[in-house]
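Here you go, one structure.
Labels for the chains are A, B and C, by order of writing; each one numbers its residues from 1.
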Amino acid sequence: MTEIFNLGLLYSAIRLATPLLLAALGGMFSERSGVINIALEGLLLAGAFTAASVTWYAGSPWVGLASAILAGAAIALIHAVACIRYRADQVVSGTAINILLTGVPALLSGAFFLSSGSTPQVPKDDLIPLTPVVIAFALVPLSYYVLYYTPFGLRLRAVGENPEAADAAGVSVKRMRYTAVLLSGALAGIGGAYLSIGQSSLFTRNMSAGRGFIALAALIFGKWRPVQTMLACLLFGFTEAIAIQLQGVRFGGEEIPNQFIQMIPYVLTIVVLAGFIGQSRAPRSLGLAYNKER
Amino acid sequence: MKLLRELFFPVIAVIVAFVVGGVIVWMIGDNPFEVYGLLLGSALTWPDGIGYTLFYATPLIFTGLAVAVAFRCGLLNIGAEGQLYAASFATAWVAIKFGGTVIQDFAGKDVSYGWASLPAVVLVPLALLTAVLVGGAWGAIPGWLKARFGAHEVITTIMMNFIAVALVSYFTQYYYKKPGDPIMQSVEIGAAAHVPRLSSFVPGIPERLPINIAFLLAILACALVYVFLWRTKWGYEIRATGANPSAAEYGGINVRRQIVLAMAVSGGLAGMIAINEVLGYRYRYYDGFSANYGFTGIAVALLGRNHPVGVFFAALLFGVLLRGGIFVDAFSQHVTKDLVEVLQALVILFVAVGVNFRWLSNRFSLLRRSKI
Amino acid sequence: MLELREITKRFGEVLANDRINIKVERGTIHAIVGENGAGKSTAMRIAYGFYTADSGEIVVDGEPRQIQTPHDAIRLGIGMVHQHFMLVDTMTVAENIVLGAEPGSAAAIDLRKAAQEIRSLSDEFRLSVDPNALVGGLSVGQQQRVELLKALYRHARLLILDEPTAVLTPQEVEEFFAILRRMREQGKTVIIITHKLSEVLAISDDVTVMRDGHVVGRVETAGTSAADLARMMVGRDVLLRVEKPDAEPGETVLSVQRLTVAVGGGGRGLRDVSFDVRAGEIVGVAGVEGNGQTELIEALAGLVPATQVNGRVDFMGRDVTRATTRERYELGIAHVPEDRHRRGLLLDFDLAENSILGLHYRKPAVSVSPLLDIAGIRARAEEIIRDFDVRPANPDLPARALSGGNQQKLIIGREFGLGPKLLLVSQPTRGVDIGAIEFIHRKLVALRDEGCAILLVSAELEEVTSLADRLLVFYHGRIVGEVDPRAASHEEIGLMMTGGGKDSAER
């Protein structure tokens, strides 16, 4: 068993943690402003699909990456408008977006690529396996600084803890929340781009496979703080890396069934949620629409 | 007047969703009117259109009720998919083990998969009970995780979906599939476990239509859920917990227990799909049979305003979409049946936007630490 | 300096402000008085930009101005301290003060400069606070000082204070008045919104009286009296004291022994509290809010997790320290909660369904288990509505549609209907109009005379001293004294509420 613990594993873990980290950091900004973002899963898919399609058309992953960011922000805008302007239930709105993004890419790929949900394969030269990883981990100290040392961060935290107080101090709650949600879409878009043109070379239906939710669990585990969230994502990354290594390994003479290996990240998520919620405290206004004129 | 007001938003939501969907169709290069015409037309023919529509609506009634009951307790059950898979497999298992299934393997030898061969009058209720209990258990687990640890049910139920699918696939592949069968499905259930199709006692329905008594059970379930929620003390406690957990606690209600109970009932309702699918249609467990029933159930519940009557009609609408979607997929140039999923999502979104001021729930200030 | 002209504001069906005219001179302390719901807060929130008026205009320093957001108001030199503090508990004092006007650049907050400016303001107005302390850990008086500094930091020339003394003890109020006088000396203008007439007379120069959304009058403080103001506020002579016959207490119904409730962070909890309540008497609990009263009632009602409760509570001889809420109900303990919206009602349910909350699981609400007796429930609800004068008298209305007073009457009717042997009641007339207040007081006394034991918590000293037969004073989670409400003066009681007083030597 010990053969599997080596540097390759660490590298694997970092790569696998990247989309989680990007989504989780995005989720952090959104939730710190008080808006629950269940739609991370859908946002990842939006980024992944857009990146793959545009890269294939344009021949450049940078254009693909940029459009993935825009796509993520655009989809996040829907969530923002629904929740902030119309005060829809944030969890329901997020779920709607997730369902939307299981269908729309398939429709579009059927129309543009005549396929049943996948995009055509992007040539190897046009892949960006490294850039998003760097972006993701560079964002950690950057987010930390922005959150705790800039006026933007201070106002964001205030809006998340006590939007009335922020409003009374002259801060526009609406504007902060819109910015935060759009930012989460942009970051998740990068995460999605990494999935399709970084980690692999095309988009397939539902390729995020629950990563958006795992990112949320990591966020909770990380107490909505940048560094701890990063560590949580690395933990999940490690788990996935080990799971991959376990495929084909014999345990007591029998090959471990694939299904059990697949289950590992999901079971771990539940264990994390069950074990660590009690100790972390969410931003106080999380999930509550801001309504002055009661 | 109040009824009209209640109806107004869902109807508008559906119309707007269809309009937006139509725009998407047009962008893809097909004619929205043609597509919608195909969609609705294929669903409303007699007997096939309506027969299949009702058959597809049946699982949606069950998941719609499931999500609605959970919603009434302030919970969002995204796990109906996992609950129905777990229940369906378990039901098939019971129907195989106690139905005396015997299969001929490739060598021509008889292989028995069953332990016993019970008569229908025992086996069918047993299978039914299994469906409800296993579905209920699969729902109760995330309910318990929320009540005990504050773990948000949206994430845990989705995780349970993945886990259910993996587990069920494992058992089917390694233990209950006929060796050499390329399709991922279990062996057949015992004949005694079959439930009758409507064609066997309603004149005019051809035998090829899979619609079975599960449809009638679904209607019965609607009535029972109504009585349960509004006419029993248990339903009162669930609704009070969903409306205002602090006040419910003040009223002596054990809020944690309500959460688990609501999720269990919810899972049990979703599990009843097993009857339609395993006992009444395929007579086996067929991996991946669910056409996203669990997620569609959310749209059904929201559109139906979490009320059994509303759920019934909303399920019919989505049954139409499912039936029509297959035709659209086959006969239109660019549009696939994913359009149905897109329409569902749009409906959910527009309903959520339109009725927010009714649902100003102070969700779970008691278990606030469960927020994500 | 500030003038509101013909300001009108509607919230749905409620006309909160009806053509309001208010005029405040520069450099004065101006009081705006009225009952709960008179529209005082609404008018001032419009002046601060928190709400926008439907019609009318705001004139600042002689010029009409558009104030659409607090940002606009702040820029005009208007600052406001709200009734419920607008502070972020998890951030420091300095962070709270500079929020929205952070020194430094967009890339970095200059915290040192902030601390400097705060310190100089502190000194100028003698509002001492530690800039690095977390707001969540401060006392209420200190938090108020942070709020004042917030406004002063933005160079406010006009300060609007909404019910600033609601959470202060009489001694803290005196200190607060000294701060206000200092501000007036410095040329600031102050508006205080209050319903405490004695304070109006003590500190203000002019008074505007509001009632039911109108301005009823504007007078100079020097030329008026409490009685005059009260009459203007209510429209008739106010019954300031409750007339009640002497109590005839019977057996001990409730015996609390060394009750301690631990609370994690924030509240003070309850420490080593012991007292008895007998049948046929009203025991009052006085004290500034947040000194353990909430924990006391919740513990007695079974709403505190058993692990956090230490000590013993006996009811009619039985140990109920860790009994569930339902068990207590069964034994005859009823509870009128302090927050009727959060605890006492299911706002979206109709009155009939609200009328069985707590008793919904057994007869007579249940006919044949588990079915509810819908017709019976409705009939019973109609009975409560009749006996307790709940208006509108329609059991199918959602509880949300009723006014505060009527909601409270429904709750009281429900709890009285249990035929309780002990009634726990907290803030019974908060946010309730005067007519309903009198009704509720009479009902409480009547219940007492039927032999029920009543434990009454109220932040309104007037109410608790006139209703109670015996009065316990709470401070920092302990009982610091017991007085005869008819004998002790408000000053004496106020002193105990801050920790001074007769029994303080024992601690």
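The rule is simple: contacts are C-beta pairs under 8 Å (C-beta built on N, C-alpha and C of every residue); 3 or more make two chains touch, one makes a residue touch a chain.
All figures in this text were calculated on a predicted structure; none of them were measured in a lab.
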- Which chain is most remote from subunit B in terms of Cα centres? C
- Could you tell me which two chains share the largest number of C-beta contact pairs? A-B
- Item | Chain centre separation in whole Å, for subunit B relative to subunit A (CA means) | 28
- Query: Just curious, how far off is subunit C from subunit A if you go by their C-alpha centres, in Å?
  - Reply: 44
- Separation of the C-alpha centres, subunit B versus subunit C, in whole Å, is 48
- Touching two or more other chains in subunit A are residues none
- Task: Two or more other chains in contact with one residue: find those residues in subunit B.
- Result: 362
- What does subunit B use to touch subunit A in their complex? 24, 27-29, 76, 78, 145, 148-152, 154-156, 158-160, 162-163, 166-167, 169-170, 173-174, 295, 298-299, 302, 334-336, 338-342, 344-346, 348-349, 352-354, 356-357, 359-363, 368-372
- Message: Which residues of subunit C touch subunit B once you look at their complex with the stated criterion?
- Response: 301-303, 324-326, 329, 335, 337, 342-349, 353, 356-358, 360-361, 365-366, 369-372, 374
- Message: Help me check something: in the complex, which residues belonging to subunit A touch subunit B?
- Response: 31, 36, 38, 78, 82, 86-89, 91-93, 95-100, 102-104, 106-108, 110-111, 116-117, 209-210, 213, 216-217, 219-220, 257, 259-260, 262-263, 266-267, 269-270, 273-275, 277-278, 280-282, 286-289, 291
- Message: Which residues of subunit A touch subunit C once you look at their complex with the stated criterion?
- Response: 149-152, 154-155, 157-158, 161-162, 164-172, 292-294
- Message: For a test of understanding, state which residues of subunit C touch subunit A in their complex under the given definition.
- Response: 11, 48, 50-51, 69-71, 74, 80, 82, 85-91, 95-96, 98-102, 104, 106-109, 150
